[in-house]
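Presented sequentially are two complexes of chain A, the first with chain B as partner and the second with chain C.
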Partner chain A sequence: MLEIKGLRKIYYGKLGGVEALNGADLTVGPGEIIGLFGENGAGKTTLLKSILGFQSYEGKVLLDGEKINRGNIGRLSFATCEHSFFPNLTPLSHREFYRMHFGTFRDKRFEALMDFFELPMRKVLKSYSTGQKNQFEVILALCQGADYILMDEPFAGNDIFNREDFYKVLLGILEPQETIILSTHLIEEVERFVGRAVLLRKGRIVGDVTTLELEEQGRSLKEYIMEIYGYRPDRVNKALGDLTDGGY
Partner chain B sequence: MRDADRRKLYSRGRFIKKARAAGKLTDLWNPEKLFPPGYEYEWERNSVVLLFGIGVGLSLQFFGRLYQAAEVLYEYTDRRRVLREDAIAASFGHLVTGHWGLYVPLVLFLTAMMIYHYSYYYRVTRSIYLMRRLPRRGVVFKSCVLGPLTGLGMAAVVLALLYLLYYGIYVLVIPGECLP
Partner chain C sequence: MKEEKKGKGMGPALALWALLARSSIYKILAVLVLMVPAEVILFCRNIKTEYHTLTTTVESSHISVVFLTALGLVYFALVWTEGQLDSRSGGTMLRLRLSGSRIFWIKTAYNTACLVLLFAVQIWLCIWLVGVYGREAEEVYASPQRLFLAFYRIDFLHCLLPMAEAGKWVRNVLLLLSFGMEAARRAEKTEYIQPILLYVLTANWFVSLLGGNVIDWICIILYTVLIVVNVRQVREKEREEVQSNA
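Then we have the complex of A and B:
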């Protein structure tokens, strides 16, 4: 179980401190597929990077009651739109590298996914297209053999068909103990894929609901998010009307 | 090249390839392992060779100093070159004074390379996110410093041999009774 308790992160700049996370609390059990939603700057990426220990923070991040350290960091993997692979290496070399460092590396899954997405094994990654790079980034995260797979906007730049394929493949291959935390803006797209939605706003967790609960309430994920965020769809029409009336 | 030689070379290449794949070769056999994964180290190696070569090239001024040091040991009497009485040559250390300065650019370059290697993990992609998730301790640090340290070590060994050679020449050129 992944427990996040009172997570607080302040970025200091020339103009003072900006609070990226303000006491976030979250518990993630094994096997869950969680969608992490929020506007730009809500703290999604900061939350994921704090879990992985990429930055300092106040609060606690515990994995089965223990702090994240060298002994258990291998149980977490990460796919990011910034990409974390080595651009000058081929997928084959990455496989060697992962095998060497992660004893849990899933060789068969790696080959199957590479095959499914028709990614060339012997081509250096810098010559891949953006979509292919994203696919490979996610493949690595899925094949590391981690229990908790963290993804930060992993499909930015992929076409809709490709993303659909990925969701289906993910649901098909994930084992019961594998947990996914997926940060994305593609709310409607992932609604059928995630089992739980966590909403962040200004560094706080402002919503946490399972898709089953939403189903029972007869609401869509998008409606739920719009409600929590207090989004007013008529705002644009009103503004356009005002602008037009004003002779702009 | 004879066919037999070509075959020998080919089988040697295959041997190295196989041994590398089996992980039986040390890091020195496989320079790639001394650098961050995928780092194109060739330009760095060439720069080290160039800087080292410039240092060694400039160190040849030793022979000019040695010639002068040897010359002052002699005087000319009736057009004959005669060793001066009680003449003592400049010490070897004196002749190579300032030589270490020739290798400062190399040391500075290799030190800068350690920082450059670290910055590699932030270029094009953020491979630092992967490196920082590795269960093994010190992988990032090693990948940043091993290459430059190996370069420094190799340079030190070659320099030691070179200056041993210089010393041998010094002892040969300076008459025994004039050695300090």
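Then we have the complex of A and C:
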């Protein structure tokens, strides 16, 4: 169980502090697939990086009741569009490195996914295309053998077919104890894939709903998010109308 | 059982060592591949010029300049590579089972080994060049003690391999360690002034006169301060990590 209690993060700059997270509370159980949604700057990346301990924060992040440290951080893996692999290594070298550092590395899954996405094993990653790099980043996170797989916009730059393939493969290979927290803007695309949606706004968790609850209410995830954010679909027409009336 | 435990502990450290090697060893080897022929050409061109003594040949061929340039290239290759490694893959480094201080010591050991390799190649090359001189130079300059004397009479060679001068040995060991540590802690520092300053001072002061002198002592103090500061900062960080995990 991953518990986040009163998580607060302020980034200090020349013009003062910016509150990226403002008392976020979240509990994630094993086997869940969670979509983390929010506008740019809502605090999604900050939340994921705080969970991983990449930055200091106020509040608590507990993994099965314990603080996250060098001893248990191997139970978390991370895939990010900024990429966290080593660009000078080949996938083969990564496999060796991960095997050494994470005793739970899933060899079979690694080979199967590399085959499926037709990624060359002996090519250094810096010579991969952006799409291939994204694929490899996700493959590494899935194969580390972690219980909690955190993903931050992992498919930015991949085409729709590629992303669809990934969602299907993910649903097919995940084991019951494997949990995914996926931060993304692709709401409609991941609606069928996630089991729970968590909404962030200005550093606060403003919505938390399961897709089953939404189904029962007869609402789509997009509608739910629009409602929570108070998004007015007519605002574009109104703005265009105002601009046209203004002589444009 | 004990062996199994030890193996488990060494594996991640070796994997990190291999990662560092894969990221920078080709750059280091490229510097060596450029340095060796450059020195050979410069030295051989000067053997049969007007003044034929070994000392004048070594000094006029400027092999010390080539070596110090190579030292700078190797050092900055390590600084740059490790900075890149941490900025691009810092998240992965933070998720390893190895503690921050252990990563620091592995990186320091690797960097120091690269610099030792550079020194070793340079010393080997100097011995070989002295041999070449013996074959090529006129008899009047030949001496059976040539190699031994070269490392006493020629300042650059003596600074590389200080023979019985303990002070220079201490200086060289501290130089290697401080350079290794500075490169290892690159990711945590944002400015490049410190490594540049360290290199410029070293390049200026490396070739010093035989026997203990003020410059050697200044170097020893400078390197010692850097080493102590780096070790203290790493320990402090480790203490913070332990406290935050408690």
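We adopt the following convention: the second predicted complex is superposed on the first by the 248 of 248 C-alpha atoms of A that agree within 3 Å, B and C clash if a C-alpha of one lies under 4 Å from a C-alpha of the other, contacts with A are read in each partner's own complex, and residues count from 1 in each chain.
Simple rule for what comes next: contacts are C-beta pairs under 8 Å (C-beta built on N, C-alpha and C of every residue); 3 or more make two chains touch, one makes a residue touch a chain.
Here the structure is a predicted model, which means the values were calculated and not measured.
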Chain A as common anchor, with chain B and chain C clashing or fitting: clash
Which superposed partner A:K67 touches (first chain B, second chain C, both, neither): second
Chain B collision site on chain C, chosen from 1-9, 37-45 or 181-189, when both complexes are overlaid on chain A: 181-189
Chain B/chain C common contact set on chain A: 52-54, 70-71, 73-74, 76-78, 80, 83-89, 93, 97, 101
Contacting residues of chain C [partner chain A, same complex]: 11-12, 14-15, 18-19, 22-23, 85, 88-92, 94-99, 241, 244-245
Partner chain C, residues of chain A touching it in the complex: 52-54, 67, 69-71, 73-74, 76-78, 80, 83-89, 93, 96-97, 100-101
In the complex, chain A residues that touch chain B: 52-54, 70-71, 73-74, 76-78, 80, 82-89, 93, 97, 101-102, 126
Residue numbers on chain B that touch chain A, as the complex places them: 36-40, 124-130, 132-137, 139
